[in-house]
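You will see subunit A twice below: alongside subunit B first, and alongside subunit C after that.
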Partner chain A sequence: MSRLLFALALATLAAPAQDPRGIIEEVQKRSRSTSQRYEGTLRVINARGRVTGKRWRYDRLGSHGSSKAVLRFLDPAEVRGVALLVLNHPQRSSDQWMWTPALQRERRIAFQDRRTRFFGTDFSFEDLEERDVDQYDLRLDGQEALGGVPCWRIEARPKQSKVSQYDRSLLWVRKDHYVYWRIENYSRGSLLRRATYSDIENVQGIWTARTIQMADLRQDSRTLLKLEKLEYNLPLKDESFTLQALRVE
Partner chain B sequence: MWNRHSCLSWNRHSCLFLLLVLAWPGLSQSFSQRGFFESRFIGYPQTAPGDSGRAVASGLLRYEAAWKPLSNWRFAGSLDARTDTHRQVERAWGLSWQDRDIRRPAFAVRRLSATYRRGPVTFELGKQFIRWGKTDLLNPTDRFAPRDYLEVVDNDFLGVTAARLTLERGGDTLDLVFQPRFTPSRLPLLNQRWVALPDVPIRDAGAHYPGRAQYGARWNHIGSGFEYSFSFFDGFNHLPLLEPRVELTPLRVHLTRQYSRMRMYGADAALPLKWLTLKAETAWFTSSTPRADEYLLYVIQLERQSGEWFLVGGYAGEAVTAARRRFDFSPDRGLARAFLAHAGYTIDPHRSLALEAAVRHNGDGAWVRFEFSHALTARWRAIASFSLIRGAADDFFGQYRRNSHAALTFRYSF
Partner chain C sequence: MLLRLLSWPYLRKHVLRWTLTLAGIALGAAVFVATHAASQSVRAAFQRTVEDIAGATQLQVWAGDFGFPEEVLERVQSLREVRAAVPVIEAVIDTGLQGQGNLYVLGVDLTGDRGLRRYDLESGEEALIDDPLVFLAQPDSIMLTREFAAQNALQIGGRIRLGGMEGEKWFTVRGIMRPEGWAKAFGGSLAVMDIYAAQLMLGRGRRFDRIDLAVEDGVPIEQCQAALKKLLGPGFEVEPPSARGRHFEAMLEGYSITVNISSLLALLIGMFIIYNSFAIAVTQRRAEIGVLRALGATRGQIRTLFLAESAVAGVVGSLAGVAAGLALARAVTANTARLTQQVYGVAQNIEQLFVTPALLAAAVAIGIATSMVAAWLPARQAARVDPVQALQKGKYQVLTAGENRLRRVVAALLALVSAACLLFGSAGWVFYTGYALLVPVALLLAPTLSLWLARLLRPLLRRLRPVEGALAADSLLAAPRRTSATVSALMLALALVVGFGGIARSVYISVVEWLDSALNPDLFVTPSQNLASRAFAFPAEIGPQVESIEGVSQVQLVRSARVLFRQKPVTVFSIEVASLERTSPRPALAGDPKQMYRLAAAGQGVIVSDAFSRLQGVGYGEAVELPTPSGMLRLPVVGVTRDFSDQQGAVMLDRSVYQRWWKDSSVSVVRVYVKPGVSPEAVRRRILERLAGQRRLLVLSNRQVREHILQVTDQWFGMTYSQIAVAILVAVLGIVNTLIVSITDRRRELGVLQAVGGLRRQVRHTVWMEALAIGAIGLLLGLALGAVNLLYALENALRLAGLRLDYRYPFELALLLVPLILGAAWIAALGPARAAVRARLVEALEYE
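Up next is the complex of A and B:
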């Protein structure tokens, strides 16, 4: 699930444990699966405390830089059936299309659009795509216990070729299970979004945070995402990740 | 001439099939449904020739269901039930399939189709929606998408009965469509405000519907960060030529609708750039009908989504290659030779603003629509809008200059 927020698609290179690239590679190695499916239950809480519920189904085929994903809304009723197709590429930004049942057509989303909030949640479109480790410079920023859990703190900066709304991210990686425990995304020195992970469980041999809270610091709002019916390594078909599949599934 | 009760014997089977599809949820986990009930109130500050009504209320119940009994098969159905205060909706209780009624049917099968999908092949048969093109403001290549133009500027798509075969391979998609039965766009009612005709009694003398089938093909290619397509259509214009016949005693005009032959050669493209996305779409229309023009429509638009803003601006142009027409209804060409814009702003997850505008390049006409949408609860939404229409009497927008209006819509989604 960590892919949903900041799945750095890493090549598997041997590296010492204290090397930031080696740590992230170990995170990826331990979370690698051929496919993933879950139902996400979301609670969006705005600055005034008003709560909105949403639910989506997420399917992913492949892993890391060349994966494909479809996210389809199940609730609320007025957005049911709205779907997003994401085709990740290792060397360039992903292609994304949105299918809107009311219009009966898909619409290409351009990469300059991806800082937009995704359907009123605190996730941006960019937060939903995978990224290639080669597009980031990584640096070990320190070690600290977060909520009593020992973590490495790693700084990731996009390389010049990478188009991103964030110019810097801080990643906290748990030392015990090599999973993300917190991610902070910055732009021009300001913290824009903070993802906090909790409810870690071993699902089919993969340690996974079942709850993610994404906070938008500018809007003072947050989205709580719970992963339900989570499965890895399902026999998903390639044909389910095309524009036609968006239309007819 | 008007087929008011179009649930014919063949359609009874369709209706039975639809009921089976919609009533089957208990037998399968792969059943999904949704819908909404919408009530809409429109106020017109001005009366119009032949229509003194200033307030219109309408209600629409739409139910959509999809059932996937096997991994390769999917059945989809959609029903509309509606009524209104302005006789734009038929009062008869028949279930309409064909969408050839001059009024909106009280009950209509909006969609009913079966889809088979295996590997790169998708085949859909039945009443369905087929949308072509990439631009947002006007789609010249969207030839299998007739619309309900009863209120010209607030229109909705009509489904078509067709067979559609789609083949996908890598980034290439080939779409083949065969439509055996013609579905026209629904025109404004002659005795109401959205018809701008001379102030003489006009009688609807019906329509001559084409008997021949239509077909089309579209090839779409998705490249590295861009996509484009080429399309071809052979069939009929779903917007009619109007054939008047004048009766002198008493003075009365009989108006017949005729649908001209049409062949379309189209192309569209989307190119995301660093700061903007460029989208373009064009189509050249030829016709063997002596009274129909031959012309080229094109749209160029730039769009950008920046934070919570969504901005689209562009120009729709037209070049007439053979001028023949005398009298027709063609809102697609009415939108041409104009600057078009669409802007949206998401205030928060519950509220949004939108603006749509079309301004004639020579300033002769303009249409602007503002909209505020507010989700009151998880299921209830209120939408307030205001449409301003101005222009000269001989301009497409200007002919509706007395039809500026405000609307309030309440929608309950389920």
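Up next is the complex of A and C:
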């Protein structure tokens, strides 16, 4: 999951450190790993304060652009065993399948409305996509200390060829660890969503935010994602990321 | 002015007759409004459901009732012109809940469906739509409308038991929708479930019924439609939701024809009642017309007077008819909806009548036109009244020999033309011209034939009652014009009854013969009570499961559904043809039977029904192109058989061909033959014991299936009985009118009879016998004309419905009509006879 969230960072070619593309490239480089596993705890707090929770295990194999991931729900009981297989492709949208144990079958998911919320969270499906850096214009918007932490502020605008619900995003990258500290997504001048990163830890040499909060400003709701039992570069097998494997557990 | 001075006093004096005239017009208008409103309501309900459910769908992809494999969805979604494409499964199932009836079950994929349909849930339940995970993870999830939930006291978390392919199952209510937007569809009797749960419940396997899609912004719909057609090939239909209404219309073509025939009959009957009333009015007002003419009124003025009267009667009668029609429409609509469900397997939820202003305006216009057309001849006769002859009682009722001869000659010529049209008219308009000519031929000959028959009846009547019989017969012989209108009306009504009854009898006999030879298995295992319903299907495993049951000799797996052939819905049956040949060989109407079965079993051809061959214009040896998910299946017609499975036509092919081209192994019906000496009932019980707990299943005996099909056939031809009722009404009204005039004309004669010692009883018997004689003449002519009409009706059935039927005169019906019509005639005579007896002797003798 966090791999997907990190995908908000846009891949770039080598560039000078002060160049926005160079900064994003460094973010990518420092977060790179061959695989990842964690257990995610998710709490969605809606406008009326109602809290719903979910827990899942996340396995990812491969790096940006061509990774494979399996997300298997652990809680609540009604969704235990439901699994999501995501195959990312460098040039096109990801392929996704969902395994439903009660029906004993998988379904291909075509989330064509990318603005749709990801299973009741405040993340939209577009927020979770791995994006092609070439489809964005990047500009260094300034530098500021956010929560006392010095950051670069980079503006990303989708190019004309890119279809997006947002027309502008602001990315705050920490200068110390080259990790995201905040992301704001705008449409027609209005701030729609804000992702805030916290609990930064060095896990196996990779600085990682262990807590991510995504707020939907229109719905006045927020989602807290906590990464637990996080591990990088595990010896995960390719065959664990297939439809057959999805059916096994 | 003339209307007020002349017509109004006459109307006030003859309220009953005018009421009858208005009733004639009202009858036509009422039947027209009721049948068409019912038909429109059924169509509108279907269209409304389709459009409501469609939501924001711009195009729909489907491949007939069989559906298509899931993989098609990915191909559709891959098209760049498509913004969103979501799969749909739909079915109307019987809830079995008291007072609930049918429930429209919509299977959708909630992960993508929001792009097309707005799910407006009751407050507090938005999470279900935003997070469909629980809904998707639990196959027992169901969303209901607030209306349906309230009616069944269901809340979130509540459970509802519904019958699916796996038997009765509990479903958990996980969402309650506001009855707005598309959730209003099917009157709110709507349930939404996950598409894969719906596949399981309805036995669809890994298939979808349809794909609903929205076009990418900025892409014209036509461009997307063309791209999809190119991508999917000719086996798929890609149309806007509104197109489904057109296909439904095409499916109901047979029903529409029946409705139109029914309306036409009612209008014809109404026309004759009006004609009869006006003819009598002209007769009674002859002296008055004579005086008017003597005072200088022109022929045109007299004609206009009567036509104006008819127009006024038309307006009043039509309005009354429209009101009666609207009152009647609800009952007719319910019947029509039942019929469409039983015959076509399409269930409806008709909450309201759909009546357009155009329909009402048409009914009024038709009523007025009918009234004026019917009054035209009497008005013309009134205009031709000779002032001198008008004062000579009775003379005008006589037909001159020259007039008679002329009528016979014209009738003979027209009859020749009509017969030629029947025999040689390949074009539709030629045939129908010939058919229409039958009416003037009958009308022209009616007075002469009535006269001849009256002469033949005279000895019989005299034998029954020497004085009264002779007087009654002489009355008819003296004034053939007076009775000819009633006789003609009765004759035409009965001819229609006989024609329709003959068709019904032929169809019935043919259906029985078809049932005997084609539907001869001992048992039928089906997933639905209604054999026409296509909501459920079995998986292929049902075959071996049933075959392994003790006592079963062999099973045949049938898969049937409608596909579009040249934009017309036809039924495709797949079955193991070789096995079918062994158990249920059918004669071939075209082609060699042995070769027909051999080639079809080898997958080298299809066997088509007679109706298909006729209606779709595909004969023996010609190629049939059927749309399938794998492309266009092109096979030659290797045989034509008589088959009543589908009015639009049926195509039978081998199951192997079906499985290969449709990529579907599901089963609609299992035909079961039991071993010799084994009781089918015992096998039926064993099948139920073994399988009923595992899946939704009904085991129907051969007798039950026969009864069901014959019941539907009876229902279809139930109109015959209403026609008989109308014919009797015509007889009664016509005879009452005729006798009233007859008594008026013969007041002096009847007065003299009483003056010379005739008893009241004798006067009464005279009137009764005259009525019976009119009834008998109308009956004889009607039954004879019916025999001719049946010839045309059979040709008509062949042209319109593709039904090749044998000529079978409905003798039972004819025999039934004899007491009915004579009884009606006698009842009709009771009132006039009483009036004749009560006439004051002095006044009667002073008459003239």
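Following the convention adopted for this analysis, the second predicted complex is superposed on the first by the 234 of 249 C-alpha atoms of A that agree within 3 Å, B and C clash if a C-alpha of one lies under 4 Å from a C-alpha of the other, contacts with A are read in each partner's own complex, and residues count from 1 in each chain.
The rule is simple: a contact is a pair of C-beta atoms (placed from the backbone, for glycine too) under 8 Å apart; a residue touches a chain by one contact, two chains touch by 3 or more.
Note that the coordinates shown come from a computational prediction; the quantities given were computed from them, not determined experimentally.
On the shared subunit subunit A, the superposed partners subunit B and subunit C overlap sterically. Of the two partner chains, subunit C is the only one that A:82 touches; subunit B does not reach it.
By the touch criterion defined above, A:120 reaches both subunit B and subunit C. By the touch criterion defined above, A:100 lies against subunit C but remains apart from subunit B after alignment on the C-alpha atoms of chain A.
In the superposition on chain A, A:73 contacts subunit C only, with no contact to subunit B.
By the touch criterion defined above, A:109 lies against subunit B and subunit C together after alignment on the C-alpha atoms of chain A. Ranked by how many residues of subunit A each touches, subunit B and subunit C are led by B. In the superposition on chain A, no contact is made by A:56 with either subunit B or subunit C.
Once the two complexes are overlaid on the shared chain, A:136 sits clear of subunit B and of subunit C alike. Contacts of A:242 after superposition: subunit B is touched, whereas subunit C is not reached. Where the contact sets of subunit A with subunit B and with subunit C meet, they give residues 44, 46, 52, 76, 78, 81, 101, 103, 105, 107-113, 116-117, 120-121.
Within the complex formed with subunit B, the residues of subunit A that make contact are 44, 46, 50, 52-53, 76-78, 80-81, 92-93, 95, 101, 103-105, 107-113, 115-117, 120-121, 163, 219, 221, 239, 242-245, 247-249. Interface residues of subunit C facing subunit A in the complex, by the touch rule stated above, are 73-74, 77, 83-85, 109, 111-112, 114-115, 127, 130-134, 136-139, 196-197, 200.
For subunit A in complex with subunit C, the residues that touch the partner chain are 44, 46, 52, 54, 73, 76, 78-79, 81-82, 98, 100-103, 105, 107-113, 116-117, 119-121. Those residues of subunit B that touch subunit A in the complex are listed here as 32, 34-36, 64, 74, 115, 117, 119-120, 122, 124, 129, 131, 134, 136, 157, 166, 168, 173, 222, 224-225, 227, 270, 272-277, 303-308, 346, 348-350, 375, 378-379, 381, 411, 413-414.
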